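Order of writing sets the labels: A, B, C, D and E. Residues in every chain begin at 1.
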């Protein structure tokens, strides 16, 4: 998984029907060599803009959503506690 | 998923039979560290050249197409709304 | 998928039995940030050295070969038409 | 797999229920071009901060945990012996 | 798949039980942009240090081992013939 900060929502009116009702957000990777990378992630645990989160990719993202047929490859799996310090 | 701009169609007369009738396009990643990366993507939601799209990769792409046996690893899953601002 | 140019054959006499008879080639990615990356790919559509091809990776490669148990992770899925112009 | 050093624990009180009780740690890749990359990994073999470990990603991580439905994509699969020298 | 040179063995006494008896080695990618990258790979075809090999990743590695439940994501699938010239 990677650590990232949620920077915004992203809206797509025309999309896969299976994505209807699924919140998509823009996340910016915040640690290590990939810092600054932007990923579109699904969120079902009510994370908000500015939250630092753990993101899982690939099949793990579909397990997070609980439906392996939804066409996503990245999802928030946890919100990092405020007091948790991350390396740069 | 990643955000990308569709830059062109791509044509392959000789290909896997299972790709017959499937529209393939060239997409350029537009945000974050991967900006400028070129990906070949399948599209079934009638996206056009110039559209900004969300692309899912790996097994998610096959879920998007609705046939897990088609040999693709990237697909358009949504067209980003015009008013949506993306980070650079 | 990525666009690549087939640059050579690659030979491995000692290999997985399930790879017997499967043509393996060296491909060089030709567009975007990954240009210059070298991938070993399986080919079952009679592509040749010098051909520009579309390469699928991961499970998609095994779908292309038609046997999900063959231990490959990249395969040619189409030969790009000569008149097709690619970005740099 | 990649070689990495465990640098810290990471805490997420709000997370997928299926992650409850699973220890998550921050790992820094220590060899080759990816050195310095930070990954969030699951650990079930009691590795500790400072340990050099082998990390498997993707579906392999879920096999390590023994539950393919847990939404993780990286896990410690072994602790590298102290006397083992690694390249830089 | 990628081309790599096996540079050393790697030992992990504490590891997943399912890895017992499986030879793990350090491989250095030798062609293209990823040259210099270090990967930990499983080997069941008796490759040795110094051998140039083809490495498959992800689910392909588990197919190579013949047990999709072993938590590995990279394996040697072939030893490149000595007379085979590789690009730099």
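Some observations on this one:
Following the convention adopted for this analysis, a contact is a pair of C-beta atoms (placed from the backbone, for glycine too) under 8 Å apart; a residue touches a chain by one contact, two chains touch by 3 or more.
Treat the numbers as computed from the prediction; the structure is a model and nothing was measured.
Looking at chain B and chain E, the chains in contact with each of them are C.
Graph distance from chain A to chain D, where chains that touch are one step apart, equals 1.
Bringing chain A onto chain E by least-squares fit of CA atoms involves turning it by 145°, to the nearest 5.
Averaged C-alpha coordinates give centres for chain B and chain D that are 31 Å from one another. The distance from the centre of chain D to the centre of chain E, with each centre set as the mean of the Cα atoms, comes to 19 Å.
Looking at chain D, residues 34, 58-59, 61 sit in touch with two or more other chains. Beginning with chain A and heading toward chain B, the contact ring passes through the chains as A, B, C, E, D. In the complex of the two chains, the chain D residues touching chain A come out as 7-8, 10-16, 18-19, 24, 26, 28-29, 34, 36-41, 58-59, 61-62, 68-74. Those residues of chain E that touch chain C in the shared complex are 1-3, 31-34, 45, 47, 54, 56-61, 63-64, 75, 77-81, 83-87.
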